[in-house]
């Protein structure tokens, strides 16, 4: 606790994930007063055909 | 907002997803008074071996 | 299955929830080929101070 | 209802999943007073590069 | 990891929650080979007006 | 997209939430290459009696 679940389009590199979890953990520790060890971050990569806004799949946008 | 997460067994076609997000967005706009642009829908396809009801995996049902 | 989780700002009336789950269930049955009995919908109402876009809480927008 | 979502590292065997959903369903029935048929369990397997604790991806731990 | 999120109707006693998390943690440790310390369980209590099956809110069932 | 759901113990002040969503949005923009407008953050505050680690509720720890 805190546990942070992130939903993002697929295609992030390992280096991006590494930088993201480091930066978000630091932001969480500084603003919420948590210890680093208590911060879990789980990344969920999604295909564009599995996400829609305004009734249209992102895979259908050009 | 609203953000709608849908868990469903895998095997839906792209056409089914397209029709689903269109229809659910319209239903949301009409009943909750949201704008279409504010409606996000995220689809999560699951394998039958990852879903159980009454203590039995769906992949074990014939 | 399908299980549908909806996140929305608080303040929906019981009548809106009733209409919403009816319409979304029908949309799901028609587009994904599920039976009505298999469709679960769970509504999560959120306070504006618990949702942010672009780094600003919705309770801070006027 | 109850609906139980489990996030776990990938690599579980089918036999482990089968034993897990059986045992957790029994535990739920006995302690919460639910019927077996009302218990749904959904398993989400995650890669080590998609989970971080203390700002470090589990794929970076040796 | 594992992290287990449970959605259940409101009205569980503290004693029921205590028994539930103990039993589910034991079931998880025995079947998935996790350590007890690695098992997190998060309980979400829901009102009957926020859960629907087959297009009807549970608060509308008598 | 990205959509970030955060689970944390209750008791955060409005000022902490405000600082948290600002810092996490900046961290996301810088590391994942998203625009600020595309970042949604949803905060879920939980009671200590609804979170367990190692089979014990946090409300039972002194």
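Letters A, B, C, D, E and F mark the chains in the order given here, with residues in each chain numbered from 1 onward.
Everything below uses one rule, namely that a contact is a pair of C-beta atoms (placed from the backbone, for glycine too) under 8 Å apart; a residue touches a chain by one contact, two chains touch by 3 or more.
The structure presented is a predicted model; accordingly, all values stated were derived computationally and were not measured.
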Interface copy of D-E among C-E, B-C or B-D, judged by whether over half of the contact pairs recur: B-C
Chain pair showing more contacts of the two, B-C and A-D: B-C
Rounded Å distance between chain C and chain D, as computed from the means of their C-alpha atoms: 25
Length of the line joining the C-alpha centres of chain A and chain F, rounded to whole Å: 12
Centre-to-centre distance between chain F and chain E (centres being mean Cα positions), rounded to whole Å: 20
Numbers and ranges of chain D residues touching at least 2 other chains: 1, 3, 7, 26, 40, 42, 46, 51
Residue ranges of chain B in contact with chain A within the complex: 14, 17-18, 21-22, 25-26, 36-37, 39-45
Residue ranges of chain C touching chain F (in the complex, touch as defined): 7, 46, 49-57, 59-60
In the complex, chain D residues that touch chain C: 1, 3, 40, 42
Touching residues (chain side chain E, partner chain D) in the complex: 1-9, 12, 16, 19-20, 23-24, 26-28, 30-34, 46, 51, 58
